[in-house]
Amino acid sequence: MKPVSTLLAGAAFAAASLGVAAPASAATICFAFQDLETEFWVAGHTAITRTLEEAGHTVIERNANEDANRQLEQVRDCIAQGVDGVIIIPQDGESAVTIVNEAQDNDVPIAVFNRPPSDLSKGIVVVADNASIASQAVDFLAQEAIANREGDGKLTPMIIVGDLGDPNAVGRKDGFYAALENYPDDFNTPIEVASEWDAATALANLEAAVTANPEIDLLFTSSDFLFPTIRSVFEPRGMWARQGEEGHVVMGGLDGDATACQLLKEGYIDATGVQDLYFEAEAALNAILAAIEAGEAQPNEVIEDPGFALTSANLAEREMDMWGCVLLSEGFLDQ
Amino acid sequence: MNDGGLSAAHSARETPVPSMRQRAMRLFLSDFFVLYLSLAYFLVLMPFLPTLSNPANIANILSNMWPLLVVAVGQTFVLTIAGIDLSQGSVVGFTSVVGAMLLATTASPDVLSNAPIWGTIITENGGPLAGVPGGVAIAILVMVAAGALIGAANGIAIAHFQMPPFMVTLVTMIVISALAIYLTQSENIRNLPESYIQLGKGDIVSVYFGEQDESRIPRRQIHSFVTYPMLIAVTVAICAHVLLNRTVFGRQVFAIGINRKAAKISGVPVKRVIVLVFTISAICATVGAILYSTRLEAGRPTLGDGNFLLDVIGATVIGGTSLFGGKGKIIWTVFGVFFFVLLSNTLNLMNLSSFHIDMVKGTVIVAAALLDVLRTRLIQGDAL
Amino acid sequence: MTELLSFEGLRKDYFGVPAVRDLTLGIRKGEVVGVIGENGAGKSTLMNMIGGVVAPSAGEMRWLGALYHPRSPSDATARGVAFIHQELNLFTNLTIAENIFVDDFPSRFGLIDRTAMRQRTADLLRQLALDVATETDVEKLTPGERQLVEIAKALHRDAELIIFDEPTTSLTPRETAKLFETIERLKADGKTILYISHILGDVKRLCDSVVVLRDGQLVAQEKAEGFDVPDMITAMIGRALGGLYPERSAAPSSDILFSAKGLCQPGILEDVSFDIHAGEILGLFGLMGSGRSEMARIVFGLDPLEQGELTLQGNPLSGGVRARIASGVAFVTEDRRAEGLLMDAPTVDNLSLVSIEEFGRTSLAFLDQARLEQSTEHLKTEMVIKAGDIRTQPVRALSGGNQQKVVIGKWLMRQPDLFILDEPTRGVDVGAKFEIYAIADRLAAAGSGVLFISSELEELTGMCDRIMVMNRGEVTGRFDRSDFSDRDILAMAFGKKPETNGVAA
C-alpha cells in the first residue's frame, strides 16, 4: 500500500500530469488490482509498482476490493485521467473481458496480469501454465518418494484438489496426474480429497481420507494456503515431520507463499510449484510499455509463464525468485 | 388607500429583511442544499484536480450515477415508511443471473456444467430465450416478476407477521444471494445478446471532442452523455417522484412513516402499502440489476455484494431522506446519489486507496445523518 | 416589596412570527403569581426565556434590578430559577438523596460523603413534611412524593424562583392539597412562585396575583382577590363565555342508529349492551380500566370481539378498521399524539388523511390537488383552526386545542354516522373545549350519533342526553338527562349497586 495520499498529493500529481517535464520514456500507468487480502496479491502488487517506479514511470493504483463493478468504474476513471496504459488484476475472467473492451474502445492499451480473462484474444494477457508448474513440482516429489521408499510395494499418492469450477484448479490437477504418469509402476491410483478452496471443507475431507488411508507416501496440495490445515490433521498422527525424521510424508504444493517458503526451509515440505510472479510482472510491463512506445492502442498478445518448482534441492539458488520467500525475508510472517 | 399603506408598513415591520444568518438557514434547509453542496465541492476541487471537469470524467460520473440512482430510489420509499431494505443487493445479483440465464446466446460447459441450471435452463446453445424475437422484453418481465416476488415476500413478512424490516431483509439478503450463487455455482454468465447490453451501455447522444494528446497515444475522445441507462434512470425517478408526491399511495406512504398507529386508525391500508413499498424497492433493484449486469456484460451472482448497500443507503441518506421515516423526496435522492458518485470519483482522482475511500465515505454518511438530526431540530425549533 | 424578576418590552419571534411581544411585567419577591392563558398564548415561551432555553429577540429581563440574560438552563439554575415540570425529571433508579445531589455529590477524601448527603436530604424532606427514608428509590414513590423530591432538589440549590408547570395533573386530591400546603410554606420562607395551570379554581385559591397572557401579550395582571374564575376566562379568551357548555340545538330522534348487543371479550367486556339514537350524545363514564376505551376500540374494529353484535343503521358492523370507516364510524382516540395525528405533517395532510382516497381515481392515479386544498381550507375555516400555512406548518406547532380540532376535522370530511370521541377535551384549554362541545352538538343536530367518553363527569352532565357508567367491563348504571346525579354516577363508577334504579336505555 502506498502511504496515505492527501489532497496535496492529488494536486501534486495533477501538476505532474499537466506536462511538467518527465523522462522522455516515462509513462503513466494505471494499475487496478482486485484486492490485497492474500499475501500472493500483496506480492504481485509490490512487484508491479516497484518495477514501474524504478523505471521512472508514474503508477496510479486502484484497489477494487473484490467488486468487479467498482473495478470497471475505477478503470474508467483512470482512462479519464489520461493514463497511457492500464494493467489489471481482474476480479474474475468475465469482468476482465468487459474491462479490456472498455479500455480498447478508448484507445488505451491494457494488460491483464495473473488471472486470465475468459476471452484470451484481446489485450495483453499474461497467464501462468498451472499444469506445467504442478507437474514440475510433482515430478520432484515423485522422485523423492521413490528414493525414500522402504520395501518395494507401490506408493500411495494423495492430492487435495481445489474448486473444479476454477480453471486453475483443473490445470493443477491435470499437471499432478501428468507427472505421475511418468512413473506408472511406482504409484497406486491417487486418492483425491476435495477442498472447494475452503479450509474447513479441506479439513473435514482430509481427516476422513487420512483415517481411511493412514499409509500415505506423497501428498500434493493444489494450493499452499492449505498447509496449516494439513498440519493440524497430520501432527496428531505423527505424520508432520521434517525430512529424514521418522514419519515424514513427502509433501508439496503450489503457489509459493511465505508459509510454504518457511516450511521448505525447515524441511517439513519438499517442493512447491510457483508462478514466476516477477517474470509475469515484467512481461506484462514490457509488453504494455512497448505498445505505448509503438503507439499501438489495442495490443493483443498472450504471454505464458512456465513457472518453476522450488524444491529442497534448488532452494539455495532460486529462493529469491519465489515471491513467498521475498515476503518472508521482509518479515511478512512476523507482522 | 390609506388603509393599504398602513397595513403594508405594518407587515414590513412584522417580517424584517432576512439577515445573513436567516439566509444561510434557508439555504441549509432547502431541498437543493445537497446539490449546492455538490457544486461547491466540485468548484473547490476543480483547480486541484484538472481531470475532474474534463468531458471524459463527467461522462464517467454520469454513467456511474444512473444504476445507483435507480436502486436508491427504491430504498427511498422504504426509508420513508421507517423501514430499511438490506436485500436490494442480493436482488440485484439474483435477477442479473435470472436475466442472463434466459438470454445468454451460448454458454461454456467448462464453466457452468456443475451449475444446477445447466441442462435444464441453460445449455451450450444458451438460454431458452436466446434468439427468440422479443426475448429481451420477456426476460426483463421475468426478472421484474422475480424481483417483485422477493419484495412482496419481504413486505408480507413485515406487514402481516409484524417482523422487523431489518431482520426480514437481512435474512432475504442471505438466502437470495446464496440461491444466486448456488444456481450458477458462483460462475458468471456471459454472452448476452447485443440488444440487452445496449440497455446498460448504449449511447444516444455522444460528443466527439477531437483528438487529444495528453496521453502518449492519441485518443478518439468520444464521450457518451445521453445513454439508455440515463433514460431508464430518469424515467424511473420521475415515475417515483409522481408516485410519492402526487398520488393517494404517496400520501399513505408518508402517513405510515410519520405515525403508523395514527395512519391505521385513519383507515390507511397499512399492510397493503407496506407490501407495495417493499415490492417497489425490489423492482428498482431489478432495474438496477439490468443496468449493472449489462454494463459488465454478464449475469453475476455476486453483483451487489460487499459495500453496495453502503453506497445505496449512504447516497439516500446524504440526500436527506430520514432513517426515522416520514421524510423523503426523490429529488433529494437524485442529489444524494450525485454527491456520492462525485465523492467516489474525486477520491479516485486523488489516488486514495479503496480503504481510505471507504473510510471517507463512511464518515460522510455519518456526517449526513448528523446533518439530518440538526435539520430536524432546526425545523422543530422553528415550530416551537 | 422589591421585584425579583421584571420584563421590559420582551419579545420572542420564531421565524418572524411573534410568540411573545411587548411584555412588560414585574414579579414581586415572595409572591405566588398565577400565570394563565390558552395553549399557544405564550406561557411556555416566556418560561423558556426565564429558564435560559431560548433567548429573547428583543427587550430585556432583570433579576433584582440587574440585567438578566441566561445563556443556558444551567445559567438560570445558578441564578436561582427552578422548574417543577409536568413530566418530572428524576432518575427513578436512584435514591432520593442521590437525585438531590445528582450534579454535585459531596466528597470527603475523594469519596462520596454519604453521611453528609443523608443529613442534608433528611433536613430538606423534613422542611417539606415528606416522611420517607432518604435512601428510598424514587421509583417507589407516588407522583406527589416525586414532586416533593423535585422541590427538595430546588431548595437544595437555593432556588429563589420556583416555577410550577401544571403540577397537579397527575396528583390525587390529597396530594394536591399537600402540594398547596408546601407552596404556602415556600412562600412563608420568602420564595417566589410562578404557578402555571389550566385549573383556574386552584389558581384563584393559591395565588396572590394572576397574570393573564393572550396571543403572546399581557392582557391582565390582577390581585387574585376579586378576580374570579369567569373574569379569568373572559380575560383569557378575550370575550365573555356564555356558559361552559353550548345549548343543545336539537333533541335526539327516537330512531335507533347504533346498537351493541351482548358484547363479551374475556377480561375486558362482560355482556355490554346499549343503543345510540340518531342525533343523540351518549356519555360514557368510567374510571381508568373500566373498559370504556377498550370498548371504543372494539366498536371501531381495532381489537377483537369474541361475542356480541354491533349494528349501525340496521347493518351489522364487521371487518377491520377500513370496513368500519366505510360503514360510517369515526374514532377520535384518547391519545392525540400517539394515535391521532401525524405530528410532523402539515394540517392539510392530517385533515385529508381519512378521505384521501376520494381525491384520486385510483390509489396510483394523480391526486386532485386543487380540490384537496380547497376542501381542507374550507374545513379549516369552518372549524376555526388557528394555524399558519396549513400546507407547510407541521401540526406539532399548533396548540393542543387546534390539534384536537384537526383530529376531529379529518373525520368530518366523510360525515360519519357514529362518532366516538374518547377524551376529546383532554389537555385542551377552556376556549377550545367549548368549541369541541359545539362540534359534538352540531354532529348530533345533523343526525349523527355521538359516543362521548370522558373522565370529567362535569362535561358529560353538561353535554349528554344520557350517560352510561362502566366498571370493570360491565355497565353498572344508565341515566337519563333528567336523572343526572354526580353522586350516583360516581358511586356506580366505583362499582356500587344503584340506589335508585336509573331508567334503562
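So that you can tell them apart, the chains are marked A, B and C in the order they are listed, and the count of residues begins at 1 in each.
Here, a contact is a pair of C-beta atoms (placed from the backbone, for glycine too) under 8 Å apart; a residue touches a chain by one contact, two chains touch by 3 or more.
Please read these numbers as outputs of a predicted model, since none were measured by experiment.
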Chain pair with more C-beta contacts, A-B versus B-C: A-B
Chain closest to the assembly centre - both centres taken as Cα means: B
Chain whose average C-alpha position is farthest from chain B's own: C
Distance from the mean Cα position of chain C to that of chain A, given in whole angstrom: 75
Inter-chain centre distance, chain B versus chain C - centres from mean C-alpha coordinates, in Å: 45
Distance between chain centroids, defined by C-alpha means - chain A, chain B (Å): 37
Contacting residues of chain B [partner chain A, same complex]: 48-51, 54, 56-57, 59-60, 63-64, 108, 110-111, 114, 185-188, 190, 212, 214-220, 292, 295-298, 300, 302-303, 305-308, 344-345, 348-356, 358
Complex contacts: residues of chain B adjacent to chain C: 14-16, 22, 242-243, 246-252, 254-255, 258-259, 261-269, 326-327, 379-384
Partner chain B, residues of chain C touching it in the complex: 14-16, 18-19, 45, 48, 54, 300, 302, 321-322, 325, 331, 333, 338-345, 349, 352-354, 356-357, 359-360, 362-367, 369, 393-394, 396-397, 410
Of all residues in chain A, those that touch chain B in their complex: 1-2, 4-7, 9-11, 13-14, 17-18, 27-28, 60-70, 72-74, 76-77, 79-84, 92-95, 97-98, 101, 106-109, 118, 164-165, 167, 292, 295-297
